[in-house]
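Structures incoming, each one as structure tokens.
Paired with chain B in one complex and with chain C in the other, chain A is shared by the two complexes that follow.
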Partner chain A sequence: MTKRTLILLALLVASIISPLVVVNFTPIDIPRAMRELGRYYVVNTIRDTASPEAVAAVVWDYRGLDTVYETVVLYLAIVGGLAVFRLSKAPSMQVVIGLTVLSRTATKIIILLISSISAAIVLHGHLTPGGGFPGGSALAVTSMLIVPVFSVHSIIERGITSTRLIAIRGLALTALGLVALLPVFRGLELVTNQRFYPARVGFITVSGSISLYNLFEFFAVASGFTAVALYLSIPEEWYKERFSEHGG
Partner chain B sequence: MILTLLMMVVSSLLSLVFVYMAVTEQDLLKAVAFSAGQSICYAILLQAMAATDIVMTYVAVSVGLYSALLVFVLSKTERFEEIGR
Partner chain C sequence: MLEKYTYVLVVFVLALNALISIYGIVYRRSLVKKLIALTILSDTVFISIILVGFTLTHPLVPPVYTSMEAPETEFLVKHASDPLPQALVLTGIVIGLAVNALIAFGIIQAYRLSGTTDARKLIKPLVEEVSE
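The block that comes next holds the complex of A and B.
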């Protein structure tokens, strides 16, 4: 038996025995009362922000300015990543066939499932757990699935180029910034929610600006990560050829 | 409550197993899969602690995006780790 197997066995035995020990012999005092701060958010969120989801309310309303700055930080990080992989002209991709029919069909079903779930995460983001970032990154997973199974070519063929994705990202972030900035023109603070945006449109609860932020963040995150996936899937040989053309 | 505690202890220790396997594995593609397994354990742990919002982001990023990114990176280098150098 190798050392690795021994250590793994020991870890597995520990992981089976320790729950039994914890449950049977350790008196664990689990806190059951809610803390004062938590109680404030649970009681007042629906009145302050028109959103029943306390986390979304904290992220986009109570601490909205923090999240706007975080979005800017992520934007700059992805811009930096894309600058490393920048291209002076579009790479000439040779057509790659991709994987077998079996995996293609399975992937098609999975992509449909992931896309609908990500849409649900975003559109319900102000009512149930979820929001723009989880939904956007879930959608970006589909592009990372398409690239190995159907090849990059199949994405670029449908007009989803990295230039367009970066344009979508820029537009979504501009819209997000405008949603944050618009209340200022009415003399309110930056990132104001309930005093400027309506709580419901018709009979649909939109929770003011929270659903708008979620939607634009979704587009920004999904397009940003998809652009990164497209850049990463450009073969290394192509870069080497370009460098040798420019004389190292 | 006991069930939640059990789930937390099992998944946290199972994540330790996955981490050990990921660190010692020489086939880096398998190591990425073990790392994804560890992320799933953490997701169960977070769900047991009722942090549903974090679970959503965590699953998408650490199981999906992070693993996919590492596979892309692996495709640009070698699959097997060379030891004894």
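The block that comes next holds the complex of A and C.
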């Protein structure tokens, strides 16, 4: 047994035994009631934001400004990543066979399922747990499934290039910014929800701007992470050629 | 008693997890392993934030209204988990994922340019440059 394993084992044993000491000799207790701030959100979420889901209400209404800036961080981080991997043209097409017919057919069915589930996660984001980010990440998983089963070229051949994905992402983020900015022109605060956007359209509860934010965040996240997946799955050899062309 | 023990055990195990991941970030040579340790650390932090919103009730339900009647509000105040830590963690996960993607891009680029992900080998040319 190495020294490191011994230290790890000792730490593990200590962390299992020491709670016994803490529980027996300190007055520590588990919280049994929700804290005041959380209680406010749960009690007032429908009145303030028209959203029956308190987490979505906190994310896009009570703390809406935070989330808008967080989306900016997401945008800049992916821009940074793509700037490191900048491409002036798409990689040359190669004939790649991919996996067997069985796995291709199974993947097609799974992709259909994932797409419909991600749409449900987004469109119900203001009513049930879910929202733009979980839905978008779920959809971005499809590209990570397509790459090993069909090859990256099968995505690019169908016109889903990283340039177009970045364009979709830019448009979605512009729309998201506009949703946040529009109330300002009516003299309201930035990221206002209920005083500007309707709670219902016909008989459907849309919770004002929350469903709009979810939709645009979905497009931004899905296209951003699909672009990242595309960039990461471009073959190593292709980059080496490019480096040698430009002298590193 | 058992509930209290489990609760404190979770706190201790989270602390252990954080300790191991900080060790990984500081002492591992490979940048990929550093990134893996960083993701473990961020997940540990997210679980500790979720733990702040935990309340010991039964049943424990998500803070989501399933009907618009008054008893539903009372039921949720008693049995729902705190929505604020969940919302903060949701935000944190988004930022964490984006930053991890950025770091992964950087590591792959470093590997392509110098053929290694070993932090000590990567820094060697810089050290030599400074000493010259």
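Everything below uses one rule, namely that the second predicted complex is superposed on the first by the 215 of 248 C-alpha atoms of A that agree within 3 Å, B and C clash if a C-alpha of one lies under 4 Å from a C-alpha of the other, contacts with A are read in each partner's own complex, and residues count from 1 in each chain.
In this section, a residue touches a chain if its C-beta (ideal position, glycine included) is under 8 Å from a C-beta of that chain, and two chains touch if they have at least 3 such contacts.
This one's a predicted model, so the numbers in the text were calculated from it and none came from an experiment.
Student: Determine, under the contact definition given at the top, whether A:M34 touches first (chain B), second (chain C), both, or neither.
Tutor: Second partner only, chain C.
Student: Identify the partner contact of A:A199: answer first if only chain B is touched, second if only chain C is, both if each is, neither if none is.
Tutor: In the superposition, A:A199 touches no partner, neither chain B nor chain C.
Student: Touching A:I110 in the superposition: chain B (first), chain C (second), both, neither?
Tutor: neither
Student: Using the superposition on chain A described above, determine whether A:A140 touches chain B (first), chain C (second), both, or neither.
Tutor: In the superposed model, A:A140 contacts chain B only, not chain C.
Student: In this superposition, which partner touches a larger number of chain A residues, chain B or chain C?
Tutor: C
Student: I'd like to know which partner A:I121 touches here: chain B for first, chain C for second, both or neither.
Tutor: first
Student: For A:I46, is the partner it touches chain B (first), chain C (second), both, or none of the two (neither)?
Tutor: Touch partner of A:I46: chain C, not chain B.
Student: Determine, under the contact definition given at the top, whether A:G130 touches first (chain B), second (chain C), both, or neither.
Tutor: first
Student: Could you tell me if A:L182 is touching chain B, chain C, both of them or neither one (first, second, both, neither)?
Tutor: neither
Student: With both complexes superposed on chain A, which partner does A:S233 reach: first (chain B), second (chain C), both or neither?
Tutor: A:S233 sits against chain B, while chain C stays out of touch.
Student: Name the residues of chain A shared by its contacts with chain B and its contacts with chain C.
Tutor: Correct list for chain A: 8, 11-12, 15, 18-19, 22-23, 28, 30, 55, 129, 131, 133, 137, 225, 228, 232, 236.
Student: For the complex, which residues does chain A have touching chain B?
Tutor: Result: residues 4, 7-8, 11-12, 14-15, 18-19, 22-23, 28, 30, 55-56, 121, 129-131, 133-134, 137-138, 140-141, 144-145, 148, 225, 228-229, 232-233, 236 of chain A touch chain B.
Student: Show me the residue ranges of chain C that touch chain A in the complex, using the header's touch definition.
Tutor: Residues of chain C touching chain A: 1, 3-5, 7-9, 11-13, 15-16, 19-20, 53-57, 62-66, 68, 73, 76-78, 80-84, 86-88, 90-91, 93-95, 97-99, 101-102, 104-106, 108-109, 112-113.
Student: Going by the contact rule at the top, pick out the chain B residues touching chain A in the complex.
Tutor: Where chain B meets chain A, its residues are 1-2, 5-6, 9-10, 13-14, 16-17, 20-21, 24, 52-53, 55-57, 60-61, 64-65, 68-69, 71-73, 76.
Student: Touching chain C in the complex: which residues of chain A?
Tutor: It is residues 8, 11-12, 15-16, 18-20, 22-23, 28-35, 37-39, 41-43, 45-46, 52-55, 57-59, 63, 66-67, 70-71, 73-74, 77-78, 80-82, 84-85, 127-129, 131, 133, 137, 221, 225, 228, 231-232, 236, 239-240, 243, 248 of chain A that touch chain C.
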